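Before anything else, here's the structure in question.
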């Protein structure tokens, strides 16, 4: 009986052994980039044979992790402020920061709902007794853009107190999809991948700061495929994928 | 001492946390006492299943518990929709939802020590009380409950501390609304997500630690005093 | 009037009990494991018998046939347990009055009367954990009395006490048995307590009740040796104190057929006393002896001789209306040529009638009403 226990312990410990094969490239990317990044990753693997693994979360969460020395080779941020922060903390090489794409901000609701004008009266009606899902304006870029847009459209007085701030934009998306919240503010690219929601209105680009998605190499990362991947992100193949998902890629290069 | 001056947002988080934890305790504690008593004194069919269910929030990842709450008590959930339609009560995105999440998470932490303290009370004392004419409930209130009080208090403090610190289930179920659901734990999390939030995070940590520490010391003193007054479990 | 006829089993024990009692103190006597506590728990309502009935003063507490089973709190039976079971978080006073404030029993008994009866005045504000074993039992008895019961069950109340404590509490029990005014069911495996306190004796052996009846009669029976414990066999004698001799420290007790002289007895002239005389302390002589230090020697007539296996024989001798029991060897029975009807001299060493076996004040069994 004890011998069996001993072998069991050995098996358990085996899980703790580090992998000896070549570690894959690790990319920390904002939650809103999930589908785009995964497809780009597959394309990269097809072309170069290098495997890529991703960790998706709110940009702020990832920034903190990278700052604390998480084993990421690349960092993809959904806004400029967080990228500036990690550069400042010397967690990311400032000379490698590149813009990847841009995005649009939309108001979403349940898939079969009517279109809504971005005016207080209609928003109130559409909200009913519920709340508007949004990525946390205090910490997540998508939320910050959303708040800016609401303020400049003078809708903040109406809905400011009726928000449901969430950890990242995908959680806000899921909330609207489930019906827990009647309205939500997400990127257009998020609305595209979720069939249970529909875009009710688009926030004009002038109502919020420019949404910039940036990528950079981490200072601690040492993977040989890191720089090639950063290059790959700016090339036509990647651009095609981004376009197809609704991202805007003006010729920034 | 500027460092220790609390910002309005921090006060808000602290007061909200106390309110949420108190509400959670007010509902969960009597339920925990009842459940603990039934589990301690009666061997009924399904005893093991009830015991396992009680401990479920203890072993499930808190986010999973929050998700289950969302599915059940959310606007479209079976219980949530019913409560909303019939009573106009809604837990979603509400401080009451935060209290519900905190209550569910602290429930098993309370049941365990309370059950142990009921088991430590000699059931023969209850027999003696009945022979003197006391009905079952009166015997429970006048004999069993007072003798189990130190354990109940200990469980309550533990539950309160857990309710104050609850994070995963809360943020999943009711999101992070300042003033409504942004308790100390969530405010701390937000501060860590903000580029310049280190100082605020540190301050919040101190507040949370101080309150918890004070609560634990108070409970220890009270329990000791009660124990002295009650004597042993058998006489 | 208690009428019990039940069967049941608890654990290894298979119980079949049948007895009635007409009030006063009824003792339930038997060795450990004979089922005494199980029986009293059934009468109290803590355990449910499988069949039969239990009736008290005409009211049915339990009847399997008609599915009557009164819950414990409705039976109005005061129960004093072997382990006192005082509520540790309440003062002695709160314990005593528990039935009043928690059991909602109005209580016809006067609080200070009970407190005086049991000597609890100094203890009222104390907590149970500070009391001695004997004090705890007295509080337990007072608590049960104040619940205004129709029957008081005392389940081996002295079993957990040492000899000194037992001696302390016995006088209180004596008074209680006289002044209680309600029937008492007294459970014990001690023949001394039983002999001292009771009017009716129920023998319990291996879960059966082979016999019950007036206590003197039961103790005199020689066929119950196994149940009563042979070495404790003896006789119960009632008598009246005629005189106290302070010079020699002797008390004269008239047992109606002889006068006994007993040293160091705490009694006054006119008191009725009950004496227990162990069979092994009694000797017989076929000729009245002379020059002996034994002061108690009197004539008696042999009522019966029972010869059991082994060296001993049990002889019952009538003294007036009462019976004294002697245990002597069968060899001596033969040597002295003893036979039923023969007149012999009964010799009892005065020291053999000692404190433990004397009860100062007890009315006659006949006087007890239901």
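Some points to look at:
Think of it as A, B and C in the order they're written, each chain with its own count starting at 1.
Methods note: a residue touches a chain if its C-beta (ideal position, glycine included) is under 8 Å from a C-beta of that chain, and two chains touch if they have at least 3 such contacts.
Note that the structure is predicted; figures quoted are calculated from it, not measured.
The chains touching chain B as well as chain C do not exist; no chain touches both.
Across the structure, the highest number of inter-chain C-beta contacts is found for B-C. Among the other chains, A has the CA centre that is most remote from the centre of chain C. Centrality annotation: B (chain centre taken as mean Cα position, compared with the mean over all protein Cα atoms). Mean C-alpha position of chain B lies 56 Å from that of chain C. With centres taken as mean Cα positions, chain C sits 89 Å from chain A.
Centroids of chain A and chain B (each the mean of its C-alpha atoms) stand 35 Å apart.
The touching residues of chain C, when paired with chain B in their complex, are 44, 46, 71-73, 76-79, 81, 83-89, 98-99, 102-105, 127-129, 136, 143-144, 147. Residue ranges on chain A touching chain B, taken from their complex, read 58, 60-61, 63-64, 81-82, 85, 129-131, 133, 136, 138-140, 163-167, 175, 178-181. Those residues of chain B that touch chain C in the complex are listed here as 122, 124-125, 127-136, 138-139, 142-143, 146-147, 229-235. Listing the residues of chain B that touch chain A in their complex gives 70, 74-76, 90, 92-93, 171, 175-178, 190, 192-195.
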